[in-house]
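What follows is chain A paired twice: with chain B in the first complex and chain C in the second.
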Partner chain A sequence: MLTSINPTMKAFAVLIPALLLAFTFDPLTPFIYLVFTVAVTFFFSKVAFKRWILIFSPFLLLAVSFAWMTMLHPSDAFSGGDVLISVWSFQVTTESFWAGISLGLRSLSFAALSLLFILTTDSTKFMLSLMQQCKLPPKLTFGILAGYRFLPTFRYELQVLRQAHRIRGVGRAKGVKERLHQFRRYAIPLLANAIRKAERVALAMESKGFTGETDRTHYHEMTIDKRDWIFVSVFFVMFFVSVFLSYQLGFLNIFGKDF
Partner chain B sequence: MTTKWNLREIVLMAILGVVFAVIYLFFFTVGTGLTNILTPFGLGPFGYEVIFGIWFIVSIITAYIIRKPGAALISETIAGGVQVLLGSPAGPMLIVSAFIQGLGAEAAFAATKYRNFSKSVLMAAGVGAAVFSFIWGLYHSGYIALSFPLLSSMLIVRVISGALIAGLLGKWITERLADTGVLRSYALGKEWQTKREHKAS
Partner chain C sequence: MSIKHHRPLLSVENFSFGYDPDKEPLLKDLTLTIHQQETILFIGPSGSGKSSFSLCLNGLYPEAVEGWAKGEMIYNGRSLSHFKKGEINKEIGVVFQDPESQFCMVTVENELAFTLENIKTPREEMAEKIDAILSAVGLAEEKHRPIHELSGGNKQKVALASVLLLNPKLLILDEPTANLDPASRFEFIQLIHSLKQERDFALFIIEHQLDDWLPMVDRVIAMNRHGNILLEGKPEDVFYNQVEKLKKEGIHLPRIVETVLEAHEGKVLETNRPLSEGDLVPWINSNDHLMNPITREIQACDLWANEKSEVLSIKNVSFSRGKKSILKEINLSLYSGELVAIVGKNGAGKSTLLQLISGILSPKTGSRLLLNKKYEAWSEHDMRKVMGYVFQNPEHQFITDTVYDEIAFGMKLNGVSQDKIEQNVNQLLERFHLTSHKWSNPFALSGGQKRRLSVATMLEDTPSVLLFDEPTFGQDAQTTKELMQMIQTLQRQGTAIVFVTHDMDLVDTYCEKVYVVNGGEVSFNGKPDELWQKPEILHEAKLRLPFRVRINQLLENLHQNKKKQGVVRAHANIH
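Take a look at the complex of A and B:
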């Protein structure tokens, strides 16, 4: 199951292919990878399709938008081929069309990889694993976890602030100038409170004997076992499989060069 | 000036990273809204370019307050990482992008050897982050497939946004915070206090 994979290893498993996919400019390679990622997401985790598609759909729109921009304004390397359609003074050629589709699909496979990580990873475990496996300093780790825990408190403070303003007769802002003023009335006290909290947390940590030494024991031990390595390798190998497949089918294109 | 960090500064940096991660996530939706308006003209991604500077702001604010090597870089990376914790759909790649943006801002401060935190240096940090993030976008988002005139206008918009939103707005927010007195135990707060005493005498 995806939820039990070590979070740091999982992060690398989705990072490396995404970095490599950025080399390809043909539509097939990212498409194969997209299908693979989505398949892994649904076969090896209990992510509900409804939830997944709800987060994924905004990316469809972004991908279409980016693909459309690439088609209309391609660089010289991607503007060859026959003219497919002309819009206003722009011409969409076959090459720019496929480059656009490729970039759109690339951003979709990035999104699918991210969702695979986001929807199956516990944030606290991710931080603990970063500390134990990636040697993130404990001072930073616990600082971030403390800040993360404060987020609901910040929302509550915003509510209090809003009610305090309302009870004193400060109405809703109208116009740009009042909006700016309102932004300042909310943002500065909230940030000032956050800074005060940071100071208090630091004092509390020190007074409880937290030295931030890296040589320490952990209540939640995060480990890496064979399964995690297999998981990473599958994602890594699958990139080369999709490159190979699109090479065999004559699609492969790396930085504008056909192979 | 010492370069050793104390726990108070580290926790402040972490918490600023967390707070701005939420703001960054919110502006992601703002950017999407702007994109929708611009898409029919084939200029969709400009929606993000206009407000891109907001995504560098924590670098400028933290470096301005703490004034130690690494403040800009680490705070931005934290903000990226916390967005992942919060469930940003951009995923772990965001940490890499944030790291590169942070490097850009850090470069500007490093160039002055962390001695100068004037308005122009803060704006230069915003510009640095914009340029670095743009170079990263050339590779990662495939901007390289776009035409040169479009690319250069995107870069110009992003640089201006970085200088104004990250540099100027960041400076303004930090100074209003210093006015409240909560920064008294950090580098900026100390400078602020001496300035005030100077004025009073």
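Take a look at the complex of A and C:
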């Protein structure tokens, strides 16, 4: 199952192929990888399709607009080929069309890879694993975890602030100047509270014997075993498989160069 | 209980502490000793540096802040400065006031593990220790829950559990119950009481609300406003013999002591000085000629019925968030000059109800009338003029940079002339004792001043309705009293006031009507005195009877038992 893969290893398995994908400018390579990622997501985790598609759909919209922009404004390298359609003074050529599709598919691959990581990883375990495997200092690890707990409080407090200001008769801000002013009004109480809370949490942590030393025991021992290595390898190998496939089918294009 | 034969655990010698080396120190020349297994109650006016002292005691200050310290602290014969970082924290644990900011992990289990990891407990032993401590504080079922979903009382229990994992010899409690509702507070104190008997740690308690702690206290140490020790001694000596000194420093007496002193005009027998409710009742009984049932200090101010007119009414209002129903079929009406409390346990929907009344939220179904006009027909601007709302945290309502501008803000919006503004603001400043802070930044005021300012900003005209969300939460007794006096003045001017509160003594003293919200429904509405007669409703809504009623009920029980005994004895005589 994806949830039990070591989070640091999972991060590598997702990050490196994503970086490599950025250099493939043909449509087939990212498409194969996208299908692979989505398949892994649903076969090896309990992520509900409904939840997944809900988070994924905004990226779909984004990808379509990326693709469309690229088609209309291609760089010189991709403006060759026959004209497919023309809108006003814009002409979409075959080359720019495929360049756009490729960009869209690449962004979707990134989104799918990120979702695979986010939806199957416990944030606490990820931080603990970074500390245990990547030697992230405990001060930073537990600092980030403590900050993470505050995010919902922050949102709640902003909502209360809005209501309180509405009661005072402050309307919605119009214009840049007023908005800047309003930002300042919200920022002061939010920051004042945040600093106070941060101070208190730091004191509470030290009172519980936290010193920031790296020499500590671990309740959740994060280990890397064979399974994690296999998982990473599969993700790497799959990248080269998709490159090889598109090379065989004559699509491959890396950084603007056909092979 | 004699503690004298115990060895000293922590001694403080001529200790001073301050933040700014150029200014007067916050704590001056303190000398005191905490013995093993001793329970000390540490009291003093707000701002006298009690919390700073507690952090000095466990070695975090002055290092954690830019401060300086002088003098010596000796723990078990060894100077505190000779301990390695983190070492002394295993010996001296602290539970802090704010339940929201004591944790760095998401779930209860992980938070407890964090403490164990800090002291390098071997992994194999952790699970067992976590389970043991959770059952000791009664949270075994909450092990895997995220901490932010727990009630305030349970959060404090988690904080307590994680500190107890260190097995401290001294436990410092820095107002751990100040932010809890009365029932949870009582529960927490009982828990400390029983844990103390099992585990033999020394206790150093910083508190404002003393009554429930008193039965377990060995010694009281009081600070004065200037950071010196005012007095120390056994609780009965301190509270019964040093009343004048304490009052002068603005330290509030326990209500038990106040009750006794009022009846006796200050002269109490050395041999019989009650410190718990259990002891107070027989005391009152044996001094029957002096007093009988405790009466209200301040009568709720009652206007003539014929002067009252309905200012606000809510009919069949329901509200839900997403699919979750928050409030169901609520009916509420409010008359001019009325003081109404909304009570209930955390998450019952009290604040949501207040927001619906204020018009910030709109209900799914039902109708709302303000001054005989539908809410929907009011313009935002006009509605805010006749209805004020004071938030729990006054800082949220501050918009400008000076106290003056803060009060003038609403008037400027309403286009009042400059002279009139000047005059009104000065009047309000005077009335709320803020004149000397006219040009201060609102954020720089003290807690009580902030609260007063937040009320003042709502009073440009006398509003018809004024809503308060837990106005006395986390405030000390003095500020609470001031605030309630202001509220009563407004009430006499005809303003209808609604406030959400946890404090049943406030309800008992000041309110004419009380609504109990439980599970999204109003489970009771009527006079407070009627509510005190309904134990099931009180229990379900996690409310605690006010002090006055508790004592009177105990007294009644005592009388009844006596009568029964009398009857039995009479019988025995016949035979």
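Convention: the second predicted complex is superposed on the first by the 229 of 259 C-alpha atoms of A that agree within 3 Å, B and C clash if a C-alpha of one lies under 4 Å from a C-alpha of the other, contacts with A are read in each partner's own complex, and residues count from 1 in each chain.
Here is the rule we go by: a residue touches a chain if its C-beta (ideal position, glycine included) is under 8 Å from a C-beta of that chain, and two chains touch if they have at least 3 such contacts.
Predicted, not measured: the structure shown is a model, and the values here were computed from it.
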Partner chain in contact with A:A164 - chain B first, chain C second, else both or neither: second
Touched partner set for A:I118, first chain B, second chain C, both or neither: first
Superposed model, chain A: greater residue contact from chain B or chain C: B
First, second, both or neither for A:A48, with chain B first and chain C second: neither
Chain B versus chain C as contact partner of A:H73, first or second or both or neither: first
Partner chain in contact with A:A39 - chain B first, chain C second, else both or neither: neither
Contacts of A:M205 with chain B and chain C, given as first, second, both or neither: both
A:A22 touches, of chain B and chain C: first, second, both or neither? first
Chain B versus chain C as contact partner of A:K197, first or second or both or neither: both
Which superposed partner A:I188 touches (first chain B, second chain C, both, neither): both
Chain C-contacting residues of chain A that also contact chain B: 123, 143, 146, 148, 188-189, 192, 196-197, 201-203, 205-206, 210
List of chain B residues in touch with chain A within their complex: 7-8, 10-19, 22, 32, 35-36, 39, 42-45, 74, 78, 81-82, 84-93, 95-96, 139-142, 144-151, 173, 176-177, 180, 182-183, 185
Of all residues in chain A, those that touch chain C in their complex: 123-124, 142-143, 145-146, 148-149, 152-153, 157, 160-161, 163-171, 185, 188-189, 192-193, 196-197, 200-211, 213, 215-221
In the complex, chain A residues that touch chain B: 11, 14-15, 18-19, 22, 25, 55-56, 58-59, 61-62, 64-66, 68-79, 87, 90, 99, 102-103, 106-107, 110-111, 113-115, 117-118, 123, 126-127, 130, 137, 139-140, 143-144, 146-148, 150-151, 154, 184, 187-192, 194-199, 201-203, 205-206, 210, 212, 255-256
Complex interface listing, chain C residues touching chain A: 55, 58, 60, 64, 85-86, 89-90, 93-94, 96, 98, 100-107, 110, 113-123, 126, 147-148, 159, 162-163, 166, 355, 358, 360, 380-381, 384, 388-389, 391, 393, 395-399, 409-410, 413, 443, 457
